[in-house]
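You will see two complexes here that share chain A, one where it goes with chain B and one where it goes with chain C.
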Partner chain A sequence: MLDQLARRTLGAIATLGVVIVAVFFATRLSGNAADYLLPPGIDANTKALMVTRMGLDQPLLLQFWHYLQGLFSGDMGTSLFERRPVLDIYAERLPNTLMLFAYALGLAVVLGLPLGLAAALNRGNALGAAISSIAFVGYATPNFVLAIIIILVFSFNLHWLPSSGSMSPIHFLMPSIVLAAPMLAEIIRFTRNAMLDVLGKDYLRTARAKGLPEHLVVGKHALRNAAIPVVTIIGLQVAGMVARVVIVESVFATKGIGDLVVFAAIGRDYPVLQLGVILIALIVVSSSLIVDFAYAALDPRVKVAAS
Partner chain B sequence: MIKTLLSTLALSTMLISAASAQSLTVGVQNLPPWLDPGKDFGNQGSQIYFNSFDPLILKDYSQAGASFKPGLATAWESLSPTEFQVTLREGVKFQNGDAMTADDVVFSFERILQDMTPEFAGIHRQFFDNFAKVEKLDETTVKFTTTKPEPLFEILLNTSEASIVPKNYIAGLSGDTAAVEPSDFDAFMLKPVGTGPYAISSFQPGENLVWTRFDGYWGDQAPMETVTLRRIPELATRVTALANGEVDLITNVPPDQLATIEGNSALKVVGNVTPLFHIIFFNTRNPSMANPKLRQALSMGIDRNLLNEALWGNDALVPNTHSYAQYGALNDTTSETFEYNPEQAKALLAEAGYDGSTIRFDTDPVYYTNGLLAAQAIQEMWAEIGVKAEINVTTKWTGPDADMQVRNWSNPMYFADPAGSFGVMWSPKGSGTEMAWSPNEAYPALWDKFRYSTDLAVRQEAYGEIMAYVKQEMPFVVLYQPYESYGMRQGVNWAPLPGHIPYVLDFRAGSVTVE
Partner chain C sequence: MTELTATIAPTLAPTRKGKPSLFATLWSRANLFTRINLGAFALVLIVAATAHWIAPFDPDAQKLLARLKPPMGFAGANGTNILGTDQLGRDLLSRTLHGLQLTMAIALIGSLISLVLGTTLGVVAGYARGWFGGFIMAVVDIQLAIPFTLIALVVIAVFGNSLPVLIITIGLAGWEVYARIVRAQVLATSRMPFVEAAVAAGAKHDRILFKHILPNIVSPIIVVWTMTFSALILAESSLSFLGLGVQPPTATLGSMVGLGRDYLASTPWIALVPAIAIMFVSLQVLLIGDWLRDALDIRLK
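Then we have the complex of A and B:
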């Protein structure tokens, strides 16, 4: 078992290594920062001076060497636009994005598991159908549509919630809901299906037959087995959340890294983009690693196989 | 539970009410990644500089024409066509407490004239190419020397690029605190200091900016204690933030949103025609676009009044030539460079031997308000005269590309003279000329006659000749001056002033009151 987890960890580290190399070359293949540092139509001479000033005229491999050196000494470079350390920029913004992730993940899990369970236990009746319909709508609605709808309802019409910004916890409510919606829908769906799958299994009949009360049958035997696919889907949804946060932060003017990375990609601000992609890869890779560890904790067969 | 929820909501409503008589919160579409008036002629930065920086010469911004008045200089005179002497105002303080000196004035220009960073080199070339030397004569007198006669001396000294910045403060920002190094300018971009009525007390690049009244200002005190700019890039969110009372004023309201704001009795819309042209330009060096008759035909195929009616509700302004009302006596009201004539367009196409091949029209999806819609409308108009065009939507700046054929662009007025708009783009060294146009050998002399003559009548006549040449060559077509709208709550009395360059958010004394 430990062996397997060690392999997974090594795999995760290798993935990050590939990302660190690939992001350097991919960002530079897509366009020249000098085209964006100055207003459209600036004269060629000024642009050439700018390229030199930013060190973009150095051989690509030399730039790559400086990038690696910086990486290992904890210097992620200086933003081409803002002319300040990239780490400072992320230090201002990363907490907001992580806060959004935490709220959204919490919301999706805390609501999704009981709703999915309820949908499974009420299969065939109105409550079960209602929960499944809500999950379907949540899954099918594009996040920018949902974002605009709730802004119009809660800010524009009802004046209950602030539309934008990241000044206080209440400002994070609507973006968290939008970020959580598809994940919530997925968790409901998978919990319901996994529970239905497990509830028909022989070992549950055995558990009931030996006289266990129903709440223990469901709570201990069924839920634990059903949790395995649900954990998988949560892991996958973290990657989806990273993609969605870009739009959510832009619509709600949240001062996070999603919006920053998009701006850096459009302007080819290589150092900002590099760290952004590395951080995103770190989030995705570590969430899938956590899923692997969670499997081991949930599924006794994984342990037996390893020992 | 419900009680808690309601009280939270009530609290949040209190938190988000932005208004008070001494403060103003503005939701802007964009904010620049850095600030330095001497380096910047972009649309984002021009929102900011006027509140925090002063040039030597100010003007009455409530009218379009030029009426200069003392700024950080109290007097100026021309000693000869190439020599100018400026008397500095005494007792002026920078927002950090430093007194403004003649050394600061010399430094503010030297950083540009000596190309201390690439951006300064760009401003040097585009604005101050003719400036040779700036020197301090005594503590309150500075002398400027130009290479050729300089008819635009006052106009150029009035630009935000000519704002005065504190030398010692900048030198002290990094490295050797006594010497001026490039890294000092990088640091200054995040902590800019000027002499204007509002100090920039907080600046988070691309996110928000807070102005605080500068009590030591030499002129009329700023009307607001604080002004906060918040970047809200998404239009629906920006409009909602206004309707919800989170901000008092919003920028960049496109025509199709005006009804939403005007329909709310607590809000209003104010706007003006901006001194900026939306244009399309041709790559005359691409063999497919090399025939001037083809370009003339394409120009004559565009019904600009219809574009104005359909896209701008007739609020935009369709000019006859590349000229603005702000030029005063130099506003060219007689040239008819661009006109709609589909019949003549068809005849010209036949003369040009247009073979029906497809012309690629490049446009950014969002950069110019209505830019994509205008491109699509022009595509249809060209189809009417028998020209096939395809729209290429791209965020890439294709201006200098060899295979570029047609694309949209803007020609802002950087300062109130044809040299400050047409000249920056289409003079012999202009950026449009550099990218896409090869004028004839006589053109530089014609341009110089216009640019450096100190005789107004000669300049007027020469500009007419230049416009006649443009009509013949047709390297670009001016579409219109867009109408720029701002949404605000009823209690805010603010409007963009016609004497400014585009996008300036002027919150100085006399320009804004809040009830």
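Then we have the complex of A and C:
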């Protein structure tokens, strides 16, 4: 058990290590960043000066060494465009992304659990079928399509919500809904299936047979046992959410790290792209590690599966 | 569906002599909804394949006098552009058809790359095992741990955005799923008595692999193929939507939505027409994938 968790932790650290190495060498593969950054026809002296200032003329391995040193001392270089420390830019942007995560996760869990429960208890009737099909459509709709539809409805037709920006909490409502949608669908589906699984168990029949009121049978016996797979799926969804935040932020012009990373990729702003990729990988890897530990804590029978 | 059977038929043919084809068996068991869905998907594939002939206009031809025309049935529509025109007066129906073609082609080629790559590596990891197999599975674990969007962003930042880069990026998106499942299947099948019998009889590795193991893992591969196909369509659309896909004026459905979003307030159909097309196709593929998984009774771990 502990052995498994230790192995998972090691695996997570190794993954991060690979990301850190890969992202450095990948971003250096495309040739000299100076060719791309400086305007064509610039005179040779200015160009040489810029290259030296950016440290792009040093041998690759030396650049890598400086990069590692910087990584562990918190100096991640300067944005090639904004001319200010990358870390400052991320410090400014990260709260917006985390806020979006928190809203989306809250929305998906608060709506998903009761809806999944309702779908399980109403299996075979219209309500159950309706919830399940809405969940399926939510799962199949690409997030940018959903984004465009709700912008059209809530911003341009009803004029209720602002279509873009990140100035006030109200600006986070639509991006959170879009970010939450696939996760909501997954939570509904898993809660429903887990509940259906548990509802057929003998101990529920026993609970009913001894005269326990129905709300206790469902609330205490069924829901608790159904919670375990649901926790797993919530953890797994965090990875998907991180991937989607890139698109969602860019549609709604939310000033978060997703939007930043896309611009860095388009503009080849290496220092920004590097830290963004490392940061996102860190969020994903640590969240799946947290799920492993939570899973072990929730269910003492669990041997962390090797899947 | 036509495309799917065409791809798998050669692999299945030698092992299923005299029996009805796999597709015929599945079709006879499908319910009405699934049949309609399969038919509609076949139609989508035909329309995508023949876009050059059935599109009423050149998708890149600009008619500045007919800019921003709404689809037929809305006020201000002209009779010639059924789904309206965009900001440059290009016919949206023609652009959607061509975009659909490119989207499907990219997803198809990308999925074949990941299928071949992932299956090969999965077979190596499961059959040869050893340090190389361990190495492959370590790479699989790492790729599973990192969101694909990140990998795509780095690849596109490094190699620029062009059609070949996009296709290869999409091809890299799904191989790890094949590798993991194929390895598990190969490991399980290798322990079957008939494989052990073949080994005992002195069969060579290639015979064991191609004659005994691979035919038995075709079904899970088909299921993974359909289940990842919609993910690839969405991956392609998302990258193109962000402006990281093909270069204008060439368009895929995703890039059409991306360009159309600037006109959302005044002329929403420019983004909505391709958006609905993406949603429709991805829903279809998902439904087909779910149906195939149940019909072939495959449990994917």
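Assume the second predicted complex is superposed on the first by the 272 of 307 C-alpha atoms of A that agree within 3 Å, B and C clash if a C-alpha of one lies under 4 Å from a C-alpha of the other, contacts with A are read in each partner's own complex, and residues count from 1 in each chain.
Here is the rule we use: contacts are C-beta pairs under 8 Å (C-beta built on N, C-alpha and C of every residue); 3 or more make two chains touch, one makes a residue touch a chain.
Since the structure is predicted, the reported quantities are computational estimates derived from the model, not experimental observations.
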{"item": "Which of chain B and chain C A:Pro142 touches, first, second, both or neither", "value": "second"}
{"item": "Touched partner set for A:Val251, first chain B, second chain C, both or neither", "value": "both"}
{"item": "Which superposed partner A:Gln63 touches (first chain B, second chain C, both, neither)", "value": "neither"}
{"item": "Partner chain in contact with A:Thr232 - chain B first, chain C second, else both or neither", "value": "neither"}
{"item": "Partner chain(s) touched by A:Thr9 [first = chain B, second = chain C, both, neither]", "value": "neither"}
{"item": "First, second, both or neither for A:Arg84, with chain B first and chain C second", "value": "first"}
{"item": "First (chain B), second (chain C), both or neither touched by A:Leu152", "value": "both"}
{"item": "First, second, both or neither for A:Asn193, with chain B first and chain C second", "value": "neither"}
{"item": "Which superposed partner A:Asp43 touches (first chain B, second chain C, both, neither)", "value": "first"}
{"item": "On chain A, the residue positions that both chain B and chain C contact, one per complex", "value": "148, 151-152, 156, 163, 250-251, 266"}
{"item": "In the complex, chain B residues that touch chain A", "value": "8-9, 11-13, 15-16, 27, 33-34, 41-43, 115, 117-119, 121-122, 125-126, 182, 186-187, 189-190, 204-207, 230-234, 236-241, 243-246, 395-397, 399-400, 409, 425, 429, 431-432, 434-435"}
{"item": "Parts of chain A lying in touch with chain B, wherever the complex brings them together", "value": "31, 35-36, 38-47, 49-50, 52-53, 79, 81-84, 92, 148, 151-152, 155-156, 159-165, 167-168, 170, 250-253, 255, 259, 263, 266"}
{"item": "Of all residues in chain A, those that touch chain C in their complex", "value": "11-12, 14-15, 18-19, 22-23, 26-27, 29-30, 136-137, 139-145, 148-149, 151-152, 156, 163, 239-240, 242-244, 246-247, 250-251, 261-262, 264-266, 268, 273, 277, 280-281, 284-285, 288, 307"}
{"item": "Contacting residues of chain C [partner chain A, same complex]", "value": "138, 141-142, 145-150, 153-160, 230, 234, 237-238, 241-244, 254, 257-258, 261, 264-265, 268, 271-272, 275-276, 278-279, 282-283, 286, 301"}
